[in-house]
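Listed below are the structures to be examined.
Two complexes follow with chain A in common, the first pairing it with chain B and the second with chain C.
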Partner chain A sequence: MRAFIAMAKKEFLESIRTYKLLIVATVFLLFGMLNPITAKIMPKLLSSFMPEGMAITPGEPGTVDSWIQFYKNMSTQLILFVIVFSGIVSNELTKGTLINMLTKGLPRKTVILSKFTAIISIWTLSYLICFVITLIYTRYLLPGELPNLPFAACCMWLFGVLEISMMLLGGALSGSIYGSLLLAVGFAGVLMLANIFPKLEEYNPYLLSTGCVSLLTSERVPSDFYVSIIVTIAFILLIIISSICSFNKKQI
Partner chain B sequence: MSILKIENLSKKFGGHNVINNLSLSVPENTIYGFLGQNGAGKTTTMKMILGLLKPSSGKISVCGEEVTYGETKTNRYIGFLPDVPEFYGYMKPKEYLALCGEITGLDRKAVKAKSEELLSLVGLEKANKRIGGFSRGMKQRLGIAQALLSEPKLLICDEPTSALDPIGRKEILDILLSVKGKTTVVFSTHILSDVERICDHVAVLNNGSLVLNGTLSQLKQNHRLDTLQIEFRSSEDLQRFAGNECVGMLFQNAECTDCTVILRSKNIDEAAGQIYDAIYKTKIYPVKVEILEPTLENLFLEVVK
Partner chain C sequence: MDVLVEFLPFLIPLIIIEWILAITALIHVLRHPHYKFGNKSFWIVVVLFVQIIGPIVYFIFGRGEE
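Our next item is the complex of A and B:
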């Protein structure tokens, strides 16, 4: 347990001193402010760019438009997050910094678990920054009440956790940054493809990232997501276990 | 008791045999020099001892416990210094040692005291900056400090001196020499003078198997050549001396170069006697008469041929 805490602390220190945390937090903060602002000024922007003679009358922006921006941008932010942290396992393997730790009797599973804990905490923190900022700005710029706001946010957050753990598995399997990225992106691609089949939609973790807005507009209710959430959690556990198993067998 | 025991160890990478049926045992409280050319399999063997690589066959035990691949409990007895130790560049030496202490489960206060002691032993007590800015020699020293932190019974160093300047090398060797008695040291190298300076036990690895193994003095004794070297003031002295009838027989298979002659004989004492008789008779006084000791270099070159 002490080794686990020490390694997790080391991960936080690393993300602070190598400015990764700063970069991610700043970007998430900026997006948090941008979401409501773009929603607010988008109609004006659109009409000012229209050629003369052509007229569209966009409706007044509402609270939900801000959150549409939030979920649209969050996919980009998630990709950025994965890129910034893609070296979390592989960098240590290629540089050989883990050799000193492992030869001191650090259990290999502790490496994976501490990295997972640290990176998910950073993800949660960054996500929370973006969510709270968007919430505050939306209250001010586009006030209104929406149903299922926290629940929808949790769904997207969970999808992020799934993608990040896939990235971790990629690092443990391949030992390279490209392996991490390939697996995370490839997995998202597979989920996207599986979404073609309407029968699978209910089970597909992808629903957690695409269905959030429909919760806010009351097209869907939280119970529509339960199966997908269970599937996602099962996936995450499976991914962590396979990461540990593959890392245990890795020649370093 | 032997602290490290390797039995019939083999390792294949693809179809290539890197380690071939290697067996050795390292006695306690020795400095064990592990010699071999580049690519002889020294690092591979060490990584297998640490459970970082999986042996194709064979058994390794440390302090009587068997090493298992992947997760190995035997690592708690071992301190390891990799050939190029890598650290978290954003940490300071004390922070790094504190992290190492947490991982080995040592008491926090003890780690603090121990790390100060070790940092002054390796001469880094004033280096209070991030490791990223360290020179190679400083990293090597910090590597020794981290390896010794848990007071291991066995210290394994992979070519600790190869990349260092002469002063840095001497300092590292002195540090290794200073821990002898508390810790058994296994260190691999291809620098023979380092071995002669500090090792009392030597093993030479060639093509994945041991070609030489024993204490340094024992090896030299066994491989002692009966060779005598005589150096004269001038080549005329040498010619005149060689013409003397007492030494005629000896000079039949001698190697002459300018003023020096190298003689070989089955009985070196008898040959030396004859030489001194001849010196007495001819009154030709050589500059130097020497019974040649085999050097480690000669031994090494002989066995890896």
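Our next item is the complex of A and C:
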């Protein structure tokens, strides 16, 4: 347990000193502010850029527009997050900084678990920053009540956890940054393709990222997501176990 | 122009954050003159004139190893 806490602490320190935490936090903060502003300003911009005589009357922006922006931008932010942290396993493997600690008796599973804990805490923190800032700005700029707001946010968060753990598995399997990126992107691609089949939609973790807006507009109810959430959690556990297994066999 | 004035209170924090990011990156560029590619003047221009994206690109791709 002491080794685990020490390693997790080291991960946090590393993310601060390599400016990764700064980048992620500022980008999430910026997007958090931009979401409601874009939603509010977009109809005005559209009508002011329209050429003379062309009449288009965009509807008055509502609370839901701000959250549509939030979920649309969150997938971009997730990609950025994965790119920034893609080297978390492979950098240590290529630099050989883990050898000393592993030969002194640090269990290999501690390495993976502490990295996972650290990266998920950073993801949660930055997601929370973005969510709270969007919430405050939306309350002020586009006031209104929406159903299932915290639940929808949790769905997107869980999808992020799935992608991040996939990235970790990629690092443990291939030992290179490209492996992590490829696996995370490829996995998202597979989920997207599986979404073509309507029968699979209910079980697909991809629903967690695309279905958030329909929760807010009451097209779907939270119980539609339960199966997908269970599948996602099962996937995450499976991914963690397999990354520990593959890291155990890895030559360092 | 009216739209701009109306949203000025919301744009100011955005601009402050942009500049915090740019200045942090600028200090790093000046203090650590080793980059994965490019040279000092190139990174100063990128960091200062490509807002938001410039500093991020510098910290992810351009920052050299110690």
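As a convention for this text, the second predicted complex is superposed on the first by the 252 of 252 C-alpha atoms of A that agree within 3 Å, B and C clash if a C-alpha of one lies under 4 Å from a C-alpha of the other, contacts with A are read in each partner's own complex, and residues count from 1 in each chain.
Definition applied: a contact is a pair of C-beta atoms (placed from the backbone, for glycine too) under 8 Å apart; a residue touches a chain by one contact, two chains touch by 3 or more.
Everything numeric here is computed off the predicted structure, so don't read it as measured data.
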item	value
Partner chain(s) touched by A:N100 [first = chain B, second = chain C, both, neither]	first
First, second, both or neither for A:Q251, with chain B first and chain C second	first
First, second, both or neither for A:T124, with chain B first and chain C second	neither
First (chain B), second (chain C), both or neither touched by A:V27	second
Touched partner set for A:R108, first chain B, second chain C, both or neither	first
Touched partner set for A:K44, first chain B, second chain C, both or neither	second
Contact residues of chain A, present in both the chain B and the chain C interface	18
Footprint of chain A on chain B - complex, ascending	47, 50, 52-54, 70-71, 73, 75-76, 78-80, 82, 84-88, 90-91, 95, 99-100, 102-105, 143, 146, 150
Footprint of chain A on chain C - complex, ascending	3, 7, 10-11, 13-14, 17-18, 20-21, 24, 28, 52, 55-56, 59-60, 63
Chain A - residues contacting chain B, complex	2-3, 5-7, 10, 13-14, 17-18, 95-97, 99-108, 248-249, 251-252
Residues of chain A that touch chain C when the two form their complex	18-20, 22-23, 26-27, 29-30, 33-34, 37, 40-41, 44-45, 48, 80, 83-84, 137, 141
